[in-house]
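Take a look at this one; I'll ask things after.
In order of appearance the chains are A, B, C, D, E and F, and numbering begins at 1 in each one.
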Amino acid sequence: MKLIIAAIKPFKLEEVREALTSIGVRGMMVTEIKGFGSQSGHTEIYRGAEYAVNFVPKVKLEIVVSDSLCDQVVDTIRKTAKTDKIGDGKIFVLDVDQAVRVRTGETNDDAL
Amino acid sequence: MADIKKTLGLAAAAAMLALPAFADTAPKMDSGDTAWMMTSSLLVLFMTLPGLALFYGGLVRTKNMLSVLMQCTLITGLVMVIWVLWGYSMAFGGGTSPYWGGLGKAFLAGVTPASLSGTIPEYVFVVFQMTFAVITPALIIGSIVERIKFSSLLVFIALWVTLVYFPIAHMVWDGSGLFFKMGAMDFAGGTVVHINAGIAGFVGCLVLGKRTGFGRDNMAPHSMTLTMVGASILWVGWFGFNAGSALASNGTAALAMINTFVATAAAILSWSAIEGMARGKASMLGAASGMVAGLVAITPACGFIGPMGAVVLGLIVSPICYFFVTTVKGKFGYDDSLDVFGVHCVGGITGALLTGIFAASSLGGVGYGKGVTMGSQEMVQLEAVLTTLIWSGVVSFILYKLVGAVMGLRVTEEEEREGLDLTSHGEMAYHS
Amino acid sequence: MADIKKTLGLAAAAAMLALPAFADTAPKMDSGDTAWMMTSSLLVLFMTLPGLALFYGGLVRTKNMLSVLMQCTLITGLVMVIWVLWGYSMAFGGGTSPYWGGLGKAFLAGVTPASLSGTIPEYVFVVFQMTFAVITPALIIGSIVERIKFSSLLVFIALWVTLVYFPIAHMVWDGSGLFFKMGAMDFAGGTVVHINAGIAGFVGCLVLGKRTGFGRDNMAPHSMTLTMVGASILWVGWFGFNAGSALASNGTAALAMINTFVATAAAILSWSAIEGMARGKASMLGAASGMVAGLVAITPACGFIGPMGAVVLGLIVSPICYFFVTTVKGKFGYDDSLDVFGVHCVGGITGALLTGIFAASSLGGVGYGKGVTMGSQEMVQLEAVLTTLIWSGVVSFILYKLVGAVMGLRVTEEEEREGLDLTSHGEMAYHS
Amino acid sequence: MADIKKTLGLAAAAAMLALPAFADTAPKMDSGDTAWMMTSSLLVLFMTLPGLALFYGGLVRTKNMLSVLMQCTLITGLVMVIWVLWGYSMAFGGGTSPYWGGLGKAFLAGVTPASLSGTIPEYVFVVFQMTFAVITPALIIGSIVERIKFSSLLVFIALWVTLVYFPIAHMVWDGSGLFFKMGAMDFAGGTVVHINAGIAGFVGCLVLGKRTGFGRDNMAPHSMTLTMVGASILWVGWFGFNAGSALASNGTAALAMINTFVATAAAILSWSAIEGMARGKASMLGAASGMVAGLVAITPACGFIGPMGAVVLGLIVSPICYFFVTTVKGKFGYDDSLDVFGVHCVGGITGALLTGIFAASSLGGVGYGKGVTMGSQEMVQLEAVLTTLIWSGVVSFILYKLVGAVMGLRVTEEEEREGLDLTSHGEMAYHS
Amino acid sequence: MKLIIAAIKPFKLEEVREALTSIGVRGMMVTEIKGFGSQSGHTEIYRGAEYAVNFVPKVKLEIVVSDSLCDQVVDTIRKTAKTDKIGDGKIFVLDVDQAVRVRTGETNDDAL
Amino acid sequence: MKLIIAAIKPFKLEEVREALTSIGVRGMMVTEIKGFGSQSGHTEIYRGAEYAVNFVPKVKLEIVVSDSLCDQVVDTIRKTAKTDKIGDGKIFVLDVDQAVRVRTGETNDDAL
C-alpha cells in the first residue's frame, strides 16, 4: 500500500475529491495547512506595522491506497488540481506497511 | 449663545452647584433632561464595556484577549467604587480650591434622591461623571497591553485616578477649577479624558518597554471584526459622552450631537483617503482609527462649533494622527501598542486647539466670551493642554516607577510568550 | 420617601391602574417619563437579544451555539405574542384576585394610544412589562442547554409563563397581588424574575439529568469573549430593568441607577478577589459572573437602599454565589450547566433578604412603611421568597414531567454528541 | 386619531416646517421629545454600525468579512457628509416642488441650535433623518457583496443618494412631497428605505452577475453568531427608526413601539414554523430572517395599525419572503447574495399594502382620512410602491451602467477567489 | 521505528491518549482533520442554498514508536477507538528511518 | 528523497523557516497541531469545572528533500528550534518513493 500526500489549492478540494471518488478512492484525510514554496505570500499593514506572511493557505490530502491504484491516484490529482499557475502543489508517495480498519479489524487492502 | 458661560455645558451645571447664591432661582427637576442624562450615563458605560474592551481586545493576539477584557472590566469595577467613596468628592465636592473639590461629599455624604444638580437629580450627575472616571483610565491600557502585570495595573489605576484624574476633572469642570476659571473651552472632556489618558499611556509604554518579539513576530489583530464592533459601539456611546455633556436635553445637546456625527464621518473619510493614497488600499483598521480620531477631536469642540466646522475638524484630525501612528511611531520605535498616544493624545490636542479656532462665530461657532479673542482663547487652550500633559505625564511616571519598584510592572518573558490569558487568568478566550 | 407605597416604583403605577377612584387626580402623560420608559423597554429587549443569548451562548460548546441563540430568539417571539394575547391581562388585567389579573384585557382589549398608565402611555407599560416576561423564561435555559429538545422547550415555556410567570408577576406588582398587599419589597423583580427562573432551571436540570460526558469531556466555554460581551450588554440593559422600574424619569430612577452601577462594580471586585485568593488568578468568567450576581442581587433592592448599602450588598453576594457554583454544585454533582441556580436563584434570594435590611433608613435606605420593622419586613421578604420557590418549583416540575411524557425532553445521545446546531437546526455557527 | 394628517408622524412635523402660517402657534421645544429623538437617532446609527454590518458580515465568507464592514462604514461616513452638504436640503429644504426640497438649506444654512422642528431642535431632526439616509444605501450592498469593486461602490452610492434617495424621501415625508400629498401612509419609511434599497440591490445583482463559484462552492455564512447579533441590534435600533418616526415621545410613538415588538415576534414564529414544516428544522438564519422581515413589514404600518393587526401582519410577511428567498430566487437563479430583494423589497411591499388594510378602524387601526376608503387608500399605497420601484429601479440601473463603464463594477476573478479583504483592503479579519 | 497514523472520532481522543500512555507511549502529534470515507457527511441549508458537506470531523494521531511497541499500539488504538459504528477510523503504519530529540540531540529509540 | 517531519515550538517557526531557506529548502507544509509529550499542558478552571488540557500547541513541519540535503535539514532544525527547555520537539525522517510537481508534472528531485 502507498500513502499519497498532496498539497493543493483549497478551492480545488471538491473537484479533486470527486475525481478521486470516481476512480475508486474510498477514503482520505484532509488538513488545512500553511504552504511554503515558490508561490509568495502577501503583506498586511496594520497602522504602521507591516507583516509579511510567507505562507499560503493550502489543503493537504493524505490517501492510503493499494499499490495498484497508486499511479492512477497520482495522475488524477495532478490533472485535476492543475491550474497552470504557480502554487498548484506537490504530490508525494510513501510506502505503507500496514493498514487496519478500527471498526472491523480488517487489515491492509481490505481496510482501505 | 455668544456668552461663553452659558454654553459651557457640563461646566455650567457644576458651577451652579458651587454657587449657592443661585439657590432660590434654581431650576426644577426636568423629566426630559433626566431621561436623556440617564440614557447618556449608560451610553458611556456601554463605551467602556463592551465598547473599548472589544476595540482594544480585537487588536491584541488571541492569547491576550481575555487579559484586555479583564483589565477593562476590573478597572470599571474598581473606579466605580472609588468614585462613590472619594472620587466624586475630590472632583465635585464643593471645595473652592482650584485643584480639588475636597472631601465634603466623600461617601456621597448629603446626596439624596431629592438632591438636584441643575435640572437633574444629583445622583444622575454622579453616575454620569462616574462613567467618565471609568473610561479614562481604561483608555490607558492600550499602550501597555500584552505585558503589564494585572495586579500592578490595578494598584496603578487606583492611585492614578486619585492623583491625576480627579484633580484634573475638578480643574476643567468645576466652577472653582483652574481651567474653568481660565475660561478653557472643553465641552466634553478632551483634556481630562483623552490628552490625560493619552500621555499617561505614552509614559507607560516607555517605562515598560516593548513587547517581546516587537518588530519580529506577527502581532496582527486577532479579530478586526471585534475591533470594528468596538469602534462602532464607541461611536454610539459617544453621543452620551458628548451630547450628554450638555447636562440637558436641549439645543446645545443637539449641536453636540450633530457635530459628533459629522466630524466622525469626515474623519473616517479622510483616514481612508490618506491610506488609499499612501498604499493604494483603505483598511478597516484605518477607518476604525479615523472614527476614533474624529470622536476624540470633536469631544472638546462639540458644543462650541458649527457642523461645517466639525466637518473640517474631522477632515484635519485623521491625517495628523495617521502621521503619528505610522511615521513618528516607526521612527522613534516606541511600542505604544494600540496607539493611545497617536490617536487619543494627538487627536485630543488637535481638537483642543481647533476648538479655540472654530468656536469663532465667523466660522459658524458659538463665539467667545466677553473680551476674548481667538488669539487669547488659543493661549488658554494651549495652557490647559500643557498643564494636563505635564501634570499627568509627571505623576504617571512617578506612579509607574513606584508600583514597579514595589511589585513589578511586567510579567515574565515566558508568561508573555504563553499569553496572559492562561498565565494571569487561567483560562482561554476560545475553544471549539 | 419613608412611605413604602410611594417608593414601590413599578407597583405604585400598577396600583394606580387598579384604583379608579384616583382617576380625577390622575397624572397627565409626561414626555420625559415616556422617553425614559420607551428607552428602558428596548434596553430590556437588548438584555435578552443579544445580551443573554451571547452570555449563555459563549459558555456552551461551538456545536451547540446556535441552539442557544435559537432558544433565546424563539422564546422571545413566543412569549411576546402570548403576552399581548393573554399574558398582560393575566398579570395586569384589572381583576382583584391576589393570584391573577383575569382576562379583562385579553388581546389588549380597551388599550388605545390614549390610555395612560401613570404618566406614560399604557402601551409603554405593556411593552416594558412584556420584556420582563420574555427574559425570565429565557434565563431558565441556562440550566438545561446542550441537551434539551427544541420543540419540547417551546411547549414548556408557553405553559410555564402562563401558569408560573403571569401569576407571580401579578402577585408582586399588581395592586391587588398577594405579595404587593403583604408589603413585600421587590423593586424590579428579584422574586418574579430571578428566583422564579432560577428555581425553574434548577428543577429542569434535575429532571433532565446531566449532559453526556459531564465531568469527563472538556466543556469549556467556546467563546469567553462573547460571554463577556453578553454580560456587558446585560449590565447596560439592566438600567432599563432597574431604573425603568421606577416607571418615571425621576429621583427614584436615579437612585435605582446609581445602585445598579455600584452594587455591580462591587460584586465584580469581590468575585475576582475571592478567586484571586482561592486559586491565585482572577478569571474573566469570574468577573462576568460577579457582574451578573451583583445585578441580580441589586434588582429587588435598587429603589430602596442607599449607594453605600449597594456597595456592601455587591461585596456580599459574590462570595455566596461563588460558594454555590463551586463547592455546593461540585458536592451534589447536578449539572446546572450555566449556573442559573447558583447565580440567579441564590443571588436573587440574597438580594431579596438584604433588601429588607438595607432599606432601613439608619443604613442609608428609604425606610420602611408605617408600623413596619426590619424584622417584620424580613418575614415578609422570606414569605415572598418561599412562596415563589414553592410555586415555581412545584409547577415547573409538573410541567417538565408532563411535556416529557408527551413529547420527550432530551435529544438522543447521538444528537447530543454531534451537537444540537446540526441535528436540531441544520446549520453550523461558524465556517471559514 | 381618525384624521390622517394628525397621525402621519414624521410627515406631520415636516409639514409644519413647510407651513409658516402655523408659526405663531408653533409648539415649544419639549425636553422629553428631544430626549427620545436624540436616543432614536443614535439607535438608527446603531442599526447600521455595527448592526447591519454584522448582520451582513456574518453571512459572507471569512475572506470577505472586512470588505462588508468597510462598505458599511464608508457609506456611513460618505452619506453623512453629503447629507449636511446638500442632502438635507434636497429632502427637506423648504422648496415646494413635489420632487425635491431645493437647495435653500444646503450646508445647513440657517439652522442654529435654536431652530425648532416641531417640538425638537431642528438639528435633532437633521440627524434623525441623516441616519435614515445612511442605512438605506447600506442595505443595498447585501445584493452585491463579495464581488463589488470598493471605489466604484462609493461613487455609485454618492450618486444614488443624490438622485434616488433624497428625492424619494422628499416625496414621502415632506409636506409638499408627491406621495405625502397623495395621502400615502408610510409611517417610518417602508417605501423610501426598504422598497427603495431592495429594488436598487436587485438591479445591482442582475447587472453585476453572480459570484464566482455560485451554486458550486460552499458559501455558507462564516458566522451565524454575528448575523444573529446583527439582527438583534437591528431590532433594538429599529425602535428608534419606527417609534422615533413619531418625532415625539407620546402615544403614537408608544403605538409604533408595541407594533414593532409584536409584528417582529410574530414574524419570527411564522418563519420558523414554515421552515419546521418544510424541512423539519427551524434554523437560526430563518429566525433572523423572519425578524428582519417582520421589522421591514411593520415599518410603514407601525403608527397606523393596532397590535393585533401587527401580529397578523407579522405572521403573513414571513411566508411570503420565505417563498421569494427559496423558491423564486432558486427558480430564476439570480445571485441576490444576502436577499435584499427577497426580504427588504418584498417585505416592504407586503407591509405597504397591508398598511392600507390594517389601518381600518374596524381592524383596530387608526382609520383613514376624511373621504378615504380602504380601496382608495390601497390604490394610493400601490401608486407609491410602483413609483418607487420604477424610479429607483431605472435610475439605479443607469447609475450602475454609468459607473461600470467609467471605472468597472467588479473585482477580478482572481481577487474574488483570494477574497476582498486582502485584495481590496490589505488585511484579514481574523488571526490567531 | 514506526510511524503510526490513526484517524479516529474526536470524542475518543482522551480515552485513546490515556490508553496509549498506560502502555508506554510518551508522545504524539494530534491534528484536527476532515475525514472522508464511508461515513457520510451532512447537509446544511441556508435560506435557499443547500450545501452538502462531504467531510466528517476526525482527529488524526501521529505516533512514532519503537518497532517493538508498534503492534501493541495499533491494537490499543483499535480497541479503544472502536464504537462499532461506521466512521470509527483507520490505522496506518509506516517505516521511520530516523528520529531526533531537538532538546538533547538524542536519536532513534532514545529520542521517543 | 526523504520526508522530514518535525514538531517544534510555534514561536520558532519563522526562525526555522528562514534557516531552512538559507540552506536551500524550497518548500514545506506547516500544520498547527496539539502536541503530547513530556512537556505538560495546563489546567483551566471555569467556575467550578476544572479541565486539564494535556496538549501543548506545536507546529508540525513536513519537508520533502533530496537524500543529499536530508542530514543538513535535520541538523538545521535541531539547532534552530532548540531552546534547551522541555518540549523543544522531535524530528522524524521517512523514505519517500516519489514526488511530483502538479503544475509541471516534473518528478522526484526536480519536483522539490
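Following the convention adopted for this analysis, a residue touches a chain if its C-beta (ideal position, glycine included) is under 8 Å from a C-beta of that chain, and two chains touch if they have at least 3 such contacts.
Because the structure is a prediction, the values reported are computed rather than measured.
Tell me, which chains sit next to both chain E and chain F?
Shared contacts of chain E and chain F: A, C.
Could you tell me which pair, C-E or D-E, is linked by more C-beta pairs in contact?
Higher contact count goes to D-E.
Can we say the copies chain B and chain D touch using the same residue numbers, with more than half in common, or are the two sides different?
The interface is built from different residue numbers on each side, given that under half of them are used by both copies.
Cα centroid separation between chain A and chain B, in whole Å?
Inter-chain centre distance comes to 52 Å.
Could you give the separation in Å between the centres of chain B and chain C, each centre being the mean of its C-alpha atoms?
The mean C-alpha positions of chain B and chain C differ by 34 Å.
If you average the Cα atoms of chain B and of chain F to get two centres, how far apart are those centres in Å?
So the centroids are 47 Å from each other.
Indicate the residues of chain A shared as contacts by at least two other chains.
Residue numbers touching two or more other chains: 14, 31, 44-46, 94-95.
Among the residues of chain D, which ones contact at least 2 other chains?
Counting only residues that touch two or more other chains, chain D contributes 30-33, 35-36, 39, 218, 220-221, 249, 279, 283, 285, 426-428, 432.
Can you give me every chain pair that touches, using the contact definition above?
A-B, A-D, A-E, A-F, B-C, B-D, B-F, C-D, C-E, C-F, D-E, E-F
Name, in rising order, each residue of chain C that touches chain E in their complex.
Spelled out, the residues of chain C in touch with chain E are 213, 216-217, 417, 422, 426-428.
Where on chain C is chain F touching in the complex?
Going by the criterion above, the answer is residues 218-221, 279, 283, 285-286, 289, 325-327, 329-330, 339, 342.
Would you mind writing out the residues of chain B in touch with chain D in their complex?
1, 30-33, 35-36, 39, 43, 61-62, 218, 220-225, 228-229, 232-233, 235-236, 239, 243, 248-255, 257-258, 261-262, 264-266, 268-269, 272, 279, 281-285, 287-288, 290-291, 307-308, 311, 366
Can you tell me which positions in chain F touch chain C when the two form their complex?
Going through chain F, the ones touching chain C are 44-49, 51, 53.
With touch defined as at the start, can you tell me which chain A residues reach chain D in the complex?
11, 14, 42-46
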